[in-house]
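Presented below are the structures under discussion, each in the form of C-alpha coordinates.
The same subunit A turns up in both complexes below, where it pairs with subunit B and then with subunit C.
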Partner chain A sequence: MSMFRAKKLDLGCFTNVRILRDHSKRKAFEAAEPERQALRYIIRNTLLPARTRAIAQLQLTQMHCYTRPTQIRNRCILGGKGRGILRDFKMSRYNFRMQALEGNLPGVKKASW
Partner chain B sequence: MSVPRARLLDLMRARCELFGTTFNPEGLRTGNKILRQRLKGPALASYYPRKLVTLRDFQREFEPLQLEVENEEEQDRLEHIAALKARGKGAPKKKREAGGGDKKKR
Partner chain C sequence: MSTPRLIRPLRPLLQGQVPRAAPRAAATQLRTYASVEQPSAPSAAKASSANAPAAEEAAEESGKKNRVSRLPRALEALYLKPLRREAEYGVPTCDLQLRSYSARNLEFFCDFALRAAYYLNLPAFGPVPLPRLVERWTVPKSTFIFKKSQENFERITLRRLIQIKDGHPDNVQLWLAFLQKHAYYGVGMKANVWEFSKLDVAKEMDKSVDETAKLMEGKWDHLAYVEKKAEPEGKPREQLPTPEALEQFIAAERRRIAGGR
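After this line comes the complex of A and B, so read on.
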(Lines of atoms letter the chains of each structure in order from A and count residues from 1; the text may use other names and numbers.)
(Lines give C-alpha, C1' and ligand atoms only; values in the text may rest on other atoms or scores of the structure.)
Protein backbone atom coordinates (compact mmCIF):
# COMPACT_ATOMS: atom_id res chain seq x y z
CA MET A 1 0.00 0.00 0.00
CA SER A 2 1.39 3.31 -1.07
CA MET A 3 0.59 5.10 2.20
CA PHE A 4 3.15 2.96 4.00
CA ARG A 5 5.85 3.53 1.39
CA ALA A 6 8.61 6.04 2.12
CA LYS A 7 8.28 9.23 0.10
CA LYS A 8 11.92 9.00 -0.87
CA LEU A 9 13.79 5.79 -1.54
CA ASP A 10 15.67 4.89 1.63
CA LEU A 11 17.14 1.54 0.59
CA GLY A 12 20.76 1.02 -0.37
CA CYS A 13 20.44 -2.53 -1.67
CA PHE A 14 18.92 -4.00 -4.81
CA THR A 15 15.39 -2.65 -5.14
CA ASN A 16 12.34 -4.00 -6.84
CA VAL A 17 8.71 -3.57 -5.94
CA ARG A 18 8.64 -6.69 -3.78
CA ILE A 19 11.56 -5.50 -1.70
CA LEU A 20 9.95 -2.06 -1.37
CA ARG A 21 6.72 -3.67 -0.26
CA ASP A 22 8.44 -5.89 2.26
CA HIS A 23 10.41 -2.94 3.60
CA SER A 24 7.23 -0.88 4.03
CA LYS A 25 5.64 -3.79 5.86
CA ARG A 26 8.59 -4.02 8.20
CA LYS A 27 8.39 -0.32 9.01
CA ALA A 28 4.61 -0.46 9.44
CA PHE A 29 4.98 -3.39 11.81
CA GLU A 30 7.65 -1.59 13.80
CA ALA A 31 5.40 1.45 14.19
CA ALA A 32 2.35 -0.58 15.21
CA GLU A 33 4.05 -3.16 17.40
CA PRO A 34 3.34 -1.55 20.82
CA GLU A 35 -0.32 -1.19 19.94
CA ARG A 36 -0.51 -4.80 18.76
CA GLN A 37 1.16 -6.07 21.91
CA ALA A 38 -1.20 -4.03 24.10
CA LEU A 39 -4.22 -5.49 22.31
CA ARG A 40 -2.73 -8.96 22.56
CA TYR A 41 -2.27 -8.47 26.30
CA ILE A 42 -5.89 -7.42 26.74
CA ILE A 43 -7.06 -10.44 24.77
CA ARG A 44 -4.95 -12.91 26.74
CA ASN A 45 -5.86 -11.45 30.16
CA THR A 46 -8.74 -13.56 31.49
CA LEU A 47 -9.26 -11.21 34.45
CA LEU A 48 -10.63 -8.44 32.22
CA PRO A 49 -14.33 -8.34 31.30
CA ALA A 50 -15.29 -10.44 28.30
CA ARG A 51 -16.63 -7.42 26.44
CA THR A 52 -13.33 -5.54 26.63
CA ARG A 53 -11.49 -8.57 25.37
CA ALA A 54 -13.90 -9.07 22.50
CA ILE A 55 -13.48 -5.42 21.46
CA ALA A 56 -9.71 -5.82 21.60
CA GLN A 57 -9.97 -8.92 19.41
CA LEU A 58 -11.98 -6.99 16.86
CA GLN A 59 -9.54 -4.09 16.89
CA LEU A 60 -6.59 -6.40 16.40
CA THR A 61 -8.18 -8.15 13.46
CA GLN A 62 -9.18 -4.85 11.90
CA MET A 63 -5.68 -3.41 11.91
CA HIS A 64 -4.10 -3.04 8.50
CA CYS A 65 -2.56 -6.23 7.15
CA TYR A 66 0.77 -4.41 6.64
CA THR A 67 1.14 -4.12 10.43
CA ARG A 68 1.04 -7.91 10.80
CA PRO A 69 4.36 -9.64 11.46
CA THR A 70 3.35 -12.69 9.42
CA GLN A 71 3.36 -10.51 6.29
CA ILE A 72 7.11 -10.01 6.58
CA ARG A 73 9.29 -12.28 4.53
CA ASN A 74 13.06 -12.32 4.28
CA ARG A 75 14.21 -11.50 0.76
CA CYS A 76 17.58 -11.60 -0.96
CA ILE A 77 19.31 -8.22 -0.74
CA LEU A 78 21.15 -8.85 -4.00
CA GLY A 79 18.35 -10.08 -6.22
CA GLY A 80 15.10 -9.73 -4.32
CA LYS A 81 14.29 -13.42 -4.45
CA GLY A 82 11.90 -14.68 -1.80
CA ARG A 83 12.83 -18.33 -1.63
CA GLY A 84 15.95 -20.18 -0.59
CA ILE A 85 17.30 -17.34 1.55
CA LEU A 86 20.18 -17.97 3.93
CA ARG A 87 19.18 -15.92 6.96
CA ASP A 88 22.72 -15.31 8.18
CA PHE A 89 23.75 -13.72 4.89
CA LYS A 90 20.35 -12.30 3.77
CA MET A 91 21.05 -13.79 0.36
CA SER A 92 19.47 -16.37 -1.89
CA ARG A 93 21.40 -19.60 -2.19
CA TYR A 94 22.72 -18.83 -5.67
CA ASN A 95 23.87 -15.31 -4.82
CA PHE A 96 25.43 -16.68 -1.65
CA ARG A 97 27.37 -19.22 -3.71
CA MET A 98 28.60 -16.58 -6.14
CA GLN A 99 29.69 -14.20 -3.36
CA ALA A 100 31.32 -16.99 -1.38
CA LEU A 101 33.29 -18.25 -4.37
CA GLU A 102 34.47 -14.71 -5.07
CA GLY A 103 35.63 -14.48 -1.47
CA ASN A 104 33.36 -11.56 -0.54
CA LEU A 105 32.02 -13.29 2.57
CA PRO A 106 34.59 -13.35 5.34
CA GLY A 107 35.00 -16.74 6.96
CA VAL A 108 33.07 -18.65 4.31
CA LYS A 109 35.05 -21.38 2.60
CA LYS A 110 34.14 -24.15 0.22
CA ALA A 111 34.20 -27.46 2.06
CA SER A 112 36.52 -30.13 0.81
CA TRP A 113 37.63 -33.33 2.52
CA MET B 1 6.23 -35.36 55.86
CA SER B 2 3.89 -32.94 54.12
CA VAL B 3 4.35 -29.18 54.09
CA PRO B 4 1.24 -27.03 54.72
CA ARG B 5 0.00 -25.10 51.70
CA ALA B 6 0.15 -21.74 53.48
CA ARG B 7 3.86 -22.22 54.05
CA LEU B 8 4.40 -23.16 50.41
CA LEU B 9 2.51 -20.03 49.36
CA ASP B 10 4.74 -17.92 51.59
CA LEU B 11 7.76 -19.46 49.95
CA MET B 12 6.30 -18.72 46.54
CA ARG B 13 5.59 -15.12 47.46
CA ALA B 14 9.12 -14.64 48.76
CA ARG B 15 10.48 -16.17 45.57
CA CYS B 16 8.41 -13.82 43.43
CA GLU B 17 9.63 -10.82 45.40
CA LEU B 18 13.21 -11.93 45.04
CA PHE B 19 13.16 -12.58 41.32
CA GLY B 20 10.76 -9.82 40.39
CA THR B 21 8.03 -12.07 39.01
CA THR B 22 4.30 -11.72 39.59
CA PHE B 23 2.75 -13.75 42.37
CA ASN B 24 0.02 -15.87 40.81
CA PRO B 25 -0.53 -19.06 42.81
CA GLU B 26 -3.79 -20.04 41.04
CA GLY B 27 -2.08 -19.96 37.66
CA LEU B 28 -4.60 -17.50 36.21
CA ARG B 29 -3.99 -16.35 32.65
CA THR B 30 -3.15 -12.70 33.07
CA GLY B 31 -1.44 -12.25 29.74
CA ASN B 32 1.82 -11.36 31.43
CA LYS B 33 3.82 -13.34 28.94
CA ILE B 34 2.88 -10.79 26.28
CA LEU B 35 4.25 -7.99 28.45
CA ARG B 36 7.46 -9.91 29.03
CA GLN B 37 8.15 -10.30 25.32
CA ARG B 38 10.70 -7.96 23.80
CA LEU B 39 9.81 -5.76 20.87
CA LYS B 40 11.24 -7.20 17.70
CA GLY B 41 10.23 -4.36 15.37
CA PRO B 42 13.62 -2.56 15.30
CA ALA B 43 15.45 -5.79 14.47
CA LEU B 44 13.00 -6.61 11.67
CA ALA B 45 12.98 -3.11 10.24
CA SER B 46 16.77 -3.01 9.92
CA TYR B 47 16.89 -6.05 7.63
CA TYR B 48 17.56 -4.22 4.39
CA PRO B 49 20.62 -1.93 4.24
CA ARG B 50 19.60 1.74 4.25
CA LYS B 51 20.88 4.34 1.86
CA LEU B 52 23.58 6.27 3.67
CA VAL B 53 25.08 8.89 1.30
CA THR B 54 24.29 9.74 -2.29
CA LEU B 55 26.34 11.50 -4.93
CA ARG B 56 24.10 14.51 -4.53
CA ASP B 57 25.18 14.76 -0.87
CA PHE B 58 28.81 14.82 -2.00
CA GLN B 59 28.08 17.54 -4.52
CA ARG B 60 26.33 19.61 -1.86
CA GLU B 61 29.21 19.12 0.58
CA PHE B 62 31.88 20.22 -1.91
CA GLU B 63 29.92 23.12 -3.38
CA PRO B 64 31.14 25.72 -0.83
CA LEU B 65 34.74 24.71 -1.58
CA GLN B 66 34.30 25.46 -5.30
CA LEU B 67 34.89 21.79 -6.09
CA GLU B 68 32.82 19.87 -8.56
CA VAL B 69 31.96 16.21 -8.20
CA GLU B 70 31.42 14.38 -11.46
CA ASN B 71 28.53 12.00 -11.78
CA GLU B 72 29.77 9.67 -14.47
CA GLU B 73 26.56 7.71 -14.84
CA GLU B 74 24.53 10.86 -15.34
CA GLN B 75 27.03 12.17 -17.91
CA ASP B 76 26.93 8.86 -19.79
CA ARG B 77 23.16 9.03 -19.85
CA LEU B 78 23.13 12.60 -21.17
CA GLU B 79 25.72 11.73 -23.83
CA HIS B 80 23.66 8.75 -24.93
CA ILE B 81 20.54 10.90 -25.21
CA ALA B 82 22.45 13.58 -27.15
CA ALA B 83 23.71 10.91 -29.58
CA LEU B 84 20.17 9.62 -30.08
CA LYS B 85 18.88 13.14 -30.70
CA ALA B 86 21.65 13.77 -33.24
CA ARG B 87 20.54 10.71 -35.17
CA GLY B 88 16.93 11.82 -34.93
CA LYS B 89 16.02 8.82 -32.79
CA GLY B 90 15.34 10.62 -29.55
CA ALA B 91 12.19 10.37 -27.51
CA PRO B 92 9.44 12.73 -28.70
CA LYS B 93 8.56 15.87 -26.79
CA LYS B 94 5.74 15.56 -24.33
CA LYS B 95 2.38 16.29 -25.91
CA ARG B 96 0.62 19.32 -24.52
CA GLU B 97 -3.11 18.87 -24.17
CA ALA B 98 -5.45 21.57 -25.40
CA GLY B 99 -7.32 21.65 -22.07
CA GLY B 100 -4.23 22.76 -20.22
CA GLY B 101 -4.68 20.35 -17.33
CA ASP B 102 -3.30 16.84 -17.41
CA LYS B 103 -6.45 14.79 -17.31
CA LYS B 104 -5.97 11.08 -16.88
CA LYS B 105 -8.18 8.91 -18.99
CA ARG B 106 -9.68 5.97 -17.13
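After this line comes the complex of A and C, so read on.
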Protein backbone atom coordinates (compact mmCIF):
# COMPACT_ATOMS: atom_id res chain seq x y z
CA MET A 1 0.00 0.00 0.00
CA SER A 2 2.45 2.54 -1.24
CA MET A 3 0.05 5.47 -1.02
CA PHE A 4 0.41 5.41 2.75
CA ARG A 5 4.18 5.16 2.67
CA ALA A 6 6.16 8.35 3.19
CA LYS A 7 8.04 9.59 0.13
CA LYS A 8 11.17 10.05 2.21
CA LEU A 9 12.37 7.75 4.97
CA ASP A 10 10.97 9.18 8.21
CA LEU A 11 12.26 6.62 10.67
CA GLY A 12 15.45 6.62 12.68
CA CYS A 13 15.53 3.06 13.94
CA PHE A 14 16.38 -0.24 12.27
CA THR A 15 14.35 -0.46 9.06
CA ASN A 16 13.07 -3.30 7.02
CA VAL A 17 9.93 -3.52 4.95
CA ARG A 18 7.81 -4.82 7.80
CA ILE A 19 8.83 -1.97 10.06
CA LEU A 20 8.08 0.54 7.31
CA ARG A 21 4.68 -1.05 6.72
CA ASP A 22 3.84 -0.94 10.41
CA HIS A 23 4.96 2.66 10.59
CA SER A 24 2.76 3.73 7.69
CA LYS A 25 -0.15 1.88 9.29
CA ARG A 26 0.37 3.83 12.49
CA LYS A 27 0.39 7.10 10.59
CA ALA A 28 -2.69 6.16 8.57
CA PHE A 29 -4.54 5.24 11.74
CA GLU A 30 -3.57 8.50 13.39
CA ALA A 31 -4.77 10.53 10.43
CA ALA A 32 -8.11 8.71 10.18
CA GLU A 33 -8.85 8.38 13.87
CA PRO A 34 -11.33 11.31 14.22
CA GLU A 35 -13.27 10.03 11.24
CA ARG A 36 -13.40 6.51 12.62
CA GLN A 37 -14.54 7.75 16.02
CA ALA A 38 -17.24 9.95 14.47
CA LEU A 39 -18.59 7.02 12.46
CA ARG A 40 -18.48 4.76 15.51
CA TYR A 41 -20.43 7.37 17.44
CA ILE A 42 -23.08 7.60 14.74
CA ILE A 43 -23.41 3.81 14.56
CA ARG A 44 -23.87 3.47 18.30
CA ASN A 45 -26.22 6.45 18.76
CA THR A 46 -29.74 4.98 18.90
CA LEU A 47 -31.34 8.43 18.66
CA LEU A 48 -30.22 8.81 15.06
CA PRO A 49 -32.35 7.46 12.20
CA ALA A 50 -31.64 3.85 11.27
CA ARG A 51 -30.72 4.80 7.73
CA THR A 52 -28.01 7.18 8.89
CA ARG A 53 -26.56 4.53 11.13
CA ALA A 54 -26.56 1.95 8.41
CA ILE A 55 -24.79 4.35 6.06
CA ALA A 56 -22.20 5.04 8.74
CA GLN A 57 -21.68 1.31 9.19
CA LEU A 58 -21.06 0.89 5.50
CA GLN A 59 -18.66 3.80 5.42
CA LEU A 60 -16.73 2.46 8.37
CA THR A 61 -16.35 -0.96 6.78
CA GLN A 62 -15.27 0.61 3.51
CA MET A 63 -12.43 2.54 5.07
CA HIS A 64 -8.97 1.29 4.20
CA CYS A 65 -7.67 -1.51 6.40
CA TYR A 66 -4.52 0.50 7.18
CA THR A 67 -6.66 2.90 9.22
CA ARG A 68 -7.68 0.14 11.65
CA PRO A 69 -6.02 0.09 15.05
CA THR A 70 -5.90 -3.71 14.99
CA GLN A 71 -3.42 -3.56 12.13
CA ILE A 72 -0.79 -2.03 14.38
CA ARG A 73 1.74 -4.46 15.78
CA ASN A 74 4.62 -3.60 18.09
CA ARG A 75 7.96 -4.39 16.51
CA CYS A 76 11.51 -4.49 17.80
CA ILE A 77 13.35 -1.23 17.12
CA LEU A 78 16.67 -3.03 16.89
CA GLY A 79 15.83 -6.06 14.75
CA GLY A 80 12.29 -5.62 13.48
CA LYS A 81 11.07 -8.81 15.09
CA GLY A 82 7.31 -9.02 15.58
CA ARG A 83 7.10 -11.47 18.47
CA GLY A 84 8.27 -11.41 22.05
CA ILE A 85 8.43 -7.62 22.30
CA LEU A 86 8.80 -6.00 25.71
CA ARG A 87 6.52 -3.01 25.63
CA ASP A 88 8.63 -1.04 28.15
CA PHE A 89 11.67 -1.09 25.90
CA LYS A 90 10.14 -1.66 22.42
CA MET A 91 12.63 -4.48 21.98
CA SER A 92 12.48 -8.18 21.35
CA ARG A 93 13.48 -10.36 24.26
CA TYR A 94 16.85 -11.23 22.79
CA ASN A 95 17.84 -7.63 22.03
CA PHE A 96 16.57 -6.58 25.44
CA ARG A 97 18.81 -9.16 27.08
CA MET A 98 21.85 -8.05 25.08
CA GLN A 99 21.27 -4.38 25.86
CA ALA A 100 20.57 -5.04 29.53
CA LEU A 101 23.73 -7.10 29.95
CA GLU A 102 25.75 -4.38 28.25
CA GLY A 103 24.26 -1.86 30.64
CA ASN A 104 22.64 0.30 27.97
CA LEU A 105 19.25 0.37 29.71
CA PRO A 106 19.31 2.72 32.70
CA GLY A 107 18.53 0.98 35.95
CA VAL A 108 18.08 -2.51 34.52
CA LYS A 109 20.14 -5.08 36.38
CA LYS A 110 20.30 -8.82 36.71
CA ALA A 111 17.81 -9.74 39.38
CA SER A 112 18.15 -12.36 42.04
CA TRP A 113 15.85 -12.80 44.99
CA MET B 1 28.83 17.50 64.89
CA SER B 2 32.58 17.00 64.96
CA THR B 3 34.51 19.91 63.57
CA PRO B 4 37.22 19.19 61.04
CA ARG B 5 40.43 19.66 63.01
CA LEU B 6 42.94 19.35 60.25
CA ILE B 7 41.78 22.28 58.18
CA ARG B 8 43.33 25.47 59.43
CA PRO B 9 41.96 28.86 58.34
CA LEU B 10 44.67 30.90 56.67
CA ARG B 11 43.27 34.37 56.59
CA PRO B 12 43.60 35.60 60.16
CA LEU B 13 47.15 34.40 60.31
CA LEU B 14 48.19 35.93 57.01
CA GLN B 15 46.56 39.28 57.51
CA GLY B 16 47.55 39.54 61.10
CA GLN B 17 44.06 40.64 62.04
CA VAL B 18 44.04 38.82 65.32
CA PRO B 19 46.26 40.85 67.26
CA ARG B 20 46.63 42.49 70.55
CA ALA B 21 42.92 42.57 71.33
CA ALA B 22 43.07 38.91 72.29
CA PRO B 23 46.44 38.41 73.85
CA ARG B 24 45.49 35.39 75.91
CA ALA B 25 44.41 33.53 72.82
CA ALA B 26 47.36 34.70 70.83
CA ALA B 27 49.89 33.56 73.38
CA THR B 28 49.77 29.81 73.23
CA GLN B 29 46.83 28.59 71.17
CA LEU B 30 46.04 28.47 67.53
CA ARG B 31 44.54 31.65 66.18
CA THR B 32 41.23 30.57 64.76
CA TYR B 33 37.75 31.86 64.12
CA ALA B 34 36.71 30.28 67.36
CA SER B 35 39.38 32.10 69.31
CA VAL B 36 38.47 35.50 67.91
CA GLU B 37 34.91 35.66 69.10
CA GLN B 38 35.31 39.07 70.63
CA PRO B 39 33.37 42.21 69.71
CA SER B 40 36.11 42.89 67.18
CA ALA B 41 35.46 39.65 65.32
CA PRO B 42 35.84 39.73 61.54
CA SER B 43 32.73 40.69 59.65
CA ALA B 44 32.77 37.50 57.61
CA ALA B 45 31.80 35.51 60.66
CA LYS B 46 28.89 37.87 61.30
CA ALA B 47 27.60 37.59 57.78
CA SER B 48 27.68 33.83 57.85
CA SER B 49 26.11 33.75 61.29
CA ALA B 50 22.96 35.23 59.82
CA ASN B 51 22.76 32.31 57.43
CA ALA B 52 23.40 29.52 59.83
CA PRO B 53 22.07 30.20 63.31
CA ALA B 54 21.78 26.57 64.33
CA ALA B 55 25.26 25.72 63.18
CA GLU B 56 26.56 28.75 65.00
CA GLU B 57 25.11 27.68 68.32
CA ALA B 58 26.56 24.25 68.06
CA ALA B 59 29.87 25.69 66.98
CA GLU B 60 29.95 28.21 69.82
CA GLU B 61 29.55 25.51 72.41
CA SER B 62 32.30 23.44 70.99
CA GLY B 63 34.40 26.56 70.54
CA LYS B 64 34.17 27.49 74.21
CA LYS B 65 35.02 24.03 75.48
CA ASN B 66 37.94 23.26 73.25
CA ARG B 67 39.23 25.92 70.95
CA VAL B 68 39.70 24.24 67.62
CA SER B 69 40.38 25.63 64.20
CA ARG B 70 37.53 25.21 61.77
CA LEU B 71 36.01 26.45 58.55
CA PRO B 72 33.91 29.58 58.12
CA ARG B 73 30.35 28.88 59.18
CA ALA B 74 28.74 28.99 55.75
CA LEU B 75 31.26 26.43 54.54
CA GLU B 76 31.00 24.32 57.63
CA ALA B 77 27.23 24.12 57.19
CA LEU B 78 27.89 22.09 54.04
CA TYR B 79 29.31 19.27 56.16
CA LEU B 80 26.35 19.27 58.55
CA LYS B 81 22.75 18.26 58.09
CA PRO B 82 20.75 20.70 55.96
CA LEU B 83 19.13 23.50 57.92
CA ARG B 84 15.39 23.88 57.95
CA ARG B 85 12.86 26.65 58.37
CA GLU B 86 9.92 26.17 60.70
CA ALA B 87 6.43 26.12 59.24
CA GLU B 88 4.05 28.51 60.97
CA TYR B 89 0.71 27.16 59.77
CA GLY B 90 1.63 23.84 58.20
CA VAL B 91 -0.37 24.28 55.00
CA PRO B 92 1.20 22.16 52.26
CA THR B 93 1.92 24.15 49.10
CA CYS B 94 4.19 21.89 47.10
CA ASP B 95 4.95 18.17 46.89
CA LEU B 96 8.14 17.37 45.03
CA GLN B 97 8.73 13.77 44.12
CA LEU B 98 12.23 12.74 43.11
CA ARG B 99 12.84 9.45 41.33
CA SER B 100 16.01 7.67 40.45
CA TYR B 101 17.53 4.25 39.95
CA SER B 102 20.52 5.08 42.13
CA ALA B 103 20.25 5.87 45.81
CA ARG B 104 23.44 7.92 45.82
CA ASN B 105 22.30 10.46 43.23
CA LEU B 106 18.91 10.64 44.84
CA GLU B 107 20.20 11.32 48.34
CA PHE B 108 22.59 13.93 47.07
CA PHE B 109 19.92 15.79 45.16
CA CYS B 110 17.48 15.63 48.09
CA ASP B 111 20.13 17.25 50.25
CA PHE B 112 20.67 19.91 47.61
CA ALA B 113 16.94 20.60 47.35
CA LEU B 114 16.60 20.96 51.12
CA ARG B 115 19.49 23.43 51.30
CA ALA B 116 18.05 25.44 48.41
CA ALA B 117 14.69 25.52 50.18
CA TYR B 118 16.32 26.83 53.36
CA TYR B 119 18.01 29.72 51.60
CA LEU B 120 14.76 30.55 49.75
CA ASN B 121 12.96 30.79 53.09
CA LEU B 122 10.78 27.75 52.43
CA PRO B 123 9.94 25.31 55.24
CA ALA B 124 10.75 21.92 53.72
CA PHE B 125 9.84 18.51 55.15
CA GLY B 126 11.38 15.26 54.14
CA PRO B 127 12.87 13.53 52.34
CA VAL B 128 10.15 10.92 52.89
CA PRO B 129 11.19 7.59 51.36
CA LEU B 130 8.23 6.39 49.30
CA PRO B 131 7.76 2.72 48.37
CA ARG B 132 10.17 1.47 45.72
CA LEU B 133 8.82 0.50 42.34
CA VAL B 134 10.17 -2.88 41.30
CA GLU B 135 9.72 -4.00 37.71
CA ARG B 136 10.91 -7.45 36.71
CA TRP B 137 11.30 -9.14 33.37
CA THR B 138 12.10 -12.75 32.69
CA VAL B 139 13.45 -13.67 29.25
CA PRO B 140 14.66 -16.96 27.82
CA LYS B 141 18.42 -16.91 27.48
CA SER B 142 18.41 -18.44 24.05
CA THR B 143 16.00 -19.71 21.38
CA PHE B 144 12.57 -20.82 22.41
CA ILE B 145 13.21 -24.52 22.66
CA PHE B 146 15.58 -23.83 25.54
CA LYS B 147 12.84 -22.33 27.67
CA LYS B 148 14.32 -24.03 30.72
CA SER B 149 17.18 -21.59 31.07
CA GLN B 150 15.91 -18.09 31.60
CA GLU B 151 17.29 -14.88 32.98
CA ASN B 152 15.73 -12.35 35.33
CA PHE B 153 16.19 -8.61 35.06
CA GLU B 154 14.84 -5.94 37.32
CA ARG B 155 14.65 -2.19 37.54
CA ILE B 156 14.09 -0.62 40.95
CA THR B 157 12.91 2.96 41.03
CA LEU B 158 13.62 4.76 44.29
CA ARG B 159 11.40 7.66 45.27
CA ARG B 160 11.67 10.50 47.74
CA LEU B 161 9.09 13.10 48.64
CA ILE B 162 9.92 16.62 49.76
CA GLN B 163 7.02 18.71 50.97
CA ILE B 164 7.01 22.48 51.23
CA LYS B 165 4.64 23.98 53.77
CA ASP B 166 3.54 27.61 53.97
CA GLY B 167 5.60 28.52 50.93
CA HIS B 168 4.95 31.70 49.03
CA PRO B 169 3.89 30.63 45.51
CA ASP B 170 6.58 32.81 43.91
CA ASN B 171 9.26 31.30 46.11
CA VAL B 172 8.03 27.81 45.35
CA GLN B 173 8.19 28.53 41.63
CA LEU B 174 11.67 29.94 42.08
CA TRP B 175 12.76 26.86 44.00
CA LEU B 176 11.39 24.50 41.37
CA ALA B 177 13.04 26.50 38.60
CA PHE B 178 16.34 26.45 40.48
CA LEU B 179 16.16 22.69 40.94
CA GLN B 180 15.33 22.25 37.28
CA LYS B 181 18.22 24.44 36.26
CA HIS B 182 20.64 22.46 38.39
CA ALA B 183 19.02 19.10 37.65
CA TYR B 184 21.25 16.19 38.55
CA TYR B 185 21.92 13.30 36.21
CA GLY B 186 19.75 10.26 36.68
CA VAL B 187 17.24 12.02 38.92
CA GLY B 188 13.73 12.80 37.72
CA MET B 189 11.42 15.31 39.35
CA LYS B 190 7.71 15.90 39.45
CA ALA B 191 5.90 18.47 41.53
CA ASN B 192 2.35 19.05 42.66
CA VAL B 193 1.83 22.70 43.51
CA TRP B 194 -1.17 24.09 45.35
CA GLU B 195 -2.05 27.74 45.31
CA PHE B 196 -4.49 29.44 47.63
CA SER B 197 -6.55 32.52 46.93
CA LYS B 198 -9.23 34.54 48.66
CA LEU B 199 -12.79 33.32 49.03
CA ASP B 200 -14.33 35.58 46.36
CA VAL B 201 -12.56 33.94 43.46
CA ALA B 202 -15.50 34.55 41.15
CA LYS B 203 -15.27 38.32 41.52
CA GLU B 204 -11.60 38.30 40.71
CA MET B 205 -12.21 36.13 37.68
CA ASP B 206 -14.92 38.53 36.49
CA LYS B 207 -12.50 41.38 36.88
CA SER B 208 -9.84 39.59 34.90
CA VAL B 209 -12.38 38.86 32.16
CA ASP B 210 -13.10 42.59 31.81
CA GLU B 211 -9.40 43.28 31.55
CA THR B 212 -8.79 40.63 28.93
CA ALA B 213 -11.85 41.77 26.98
CA LYS B 214 -10.14 45.10 26.41
CA LEU B 215 -7.03 43.32 25.20
CA MET B 216 -9.05 41.13 22.87
CA GLU B 217 -10.99 43.95 21.19
CA GLY B 218 -8.54 44.44 18.37
CA LYS B 219 -8.03 40.71 17.86
CA TRP B 220 -11.52 39.61 16.88
CA ASP B 221 -10.98 40.68 13.29
CA HIS B 222 -8.34 38.01 12.93
CA LEU B 223 -10.93 35.34 13.68
CA ALA B 224 -12.94 36.28 10.60
CA TYR B 225 -15.03 33.60 8.91
CA VAL B 226 -14.18 34.95 5.46
CA GLU B 227 -10.72 35.86 4.32
CA LYS B 228 -10.31 39.58 4.43
CA LYS B 229 -7.90 40.00 1.54
CA ALA B 230 -10.27 38.65 -1.07
CA GLU B 231 -13.01 41.25 -0.64
CA PRO B 232 -12.84 44.62 -2.33
CA GLU B 233 -12.97 47.90 -0.42
CA GLY B 234 -16.31 49.41 0.57
CA LYS B 235 -18.25 46.20 0.13
CA PRO B 236 -19.98 44.83 3.24
CA ARG B 237 -18.42 41.64 4.57
CA GLU B 238 -20.15 38.38 4.09
CA GLN B 239 -22.23 37.64 7.16
CA LEU B 240 -22.53 34.34 8.96
CA PRO B 241 -26.04 32.89 8.69
CA THR B 242 -28.37 33.78 11.55
CA PRO B 243 -29.15 31.15 14.19
CA GLU B 244 -32.67 30.66 12.80
CA ALA B 245 -31.35 30.04 9.32
CA LEU B 246 -28.85 27.56 10.70
CA GLU B 247 -31.55 25.69 12.55
CA GLN B 248 -33.65 25.49 9.40
CA PHE B 249 -30.68 24.23 7.46
CA ILE B 250 -29.93 21.54 10.04
CA ALA B 251 -33.55 20.40 10.08
CA ALA B 252 -33.60 20.21 6.28
CA GLU B 253 -30.37 18.26 6.32
CA ARG B 254 -31.76 15.78 8.85
CA ARG B 255 -34.79 15.26 6.65
CA ARG B 256 -32.60 14.71 3.62
CA ILE B 257 -30.44 12.13 5.44
CA ALA B 258 -33.49 10.33 6.76
CA GLY B 259 -34.71 9.96 3.18
CA GLY B 260 -37.58 12.45 3.33
CA ARG B 261 -39.31 10.65 6.11
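Rule of thumb we're sticking to: the second predicted complex is superposed on the first by the 112 of 113 C-alpha atoms of A that agree within 3 Å, B and C clash if a C-alpha of one lies under 4 Å from a C-alpha of the other, contacts with A are read in each partner's own complex, and residues count from 1 in each chain.
One rule holds for everything that comes next: a contact is a pair of C-beta atoms (placed from the backbone, for glycine too) under 8 Å apart; a residue touches a chain by one contact, two chains touch by 3 or more.
Since the model is a prediction, treat every value here as computed from it, not as a measurement.
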item: Three-chain arrangement built on subunit A, subunit B and subunit C clash or fit; value: fit
item: Partner chain(s) touched by A:L47 [first = subunit B, second = subunit C, both, neither]; value: first
item: Of subunit C and subunit B, partner touching more subunit A residues; value: B
item: Subunit B versus subunit C as contact partner of A:D88, first or second or both or neither; value: second
item: A:D10 touches, of subunit B and subunit C: first, second, both or neither?; value: first
item: Touched partner set for A:G103, first subunit B, second subunit C, both or neither; value: neither
item: First (subunit B), second (subunit C), both or neither touched by A:S112; value: second
item: Minimum Cα separation, subunit C to subunit B, after superposition on A (Å); value: 16
item: Subunit B-facing residues of subunit A, complex; value: 9-13, 19, 22-23, 26-27, 29-31, 33-34, 37, 40-47, 69, 72, 74, 77, 90
item: Touch list for subunit A against partner subunit C, complex; value: 49, 51-52, 55, 86, 88, 93-94, 96-97, 100, 105-112
item: Complex contact set, residues of subunit C against subunit A; value: 101-102, 135-137, 139-141, 151-157, 186, 254, 257-259, 261
item: Complex contacts: residues of subunit B adjacent to subunit A; value: 28-31, 33-35, 37, 39-42, 44-45, 47-52
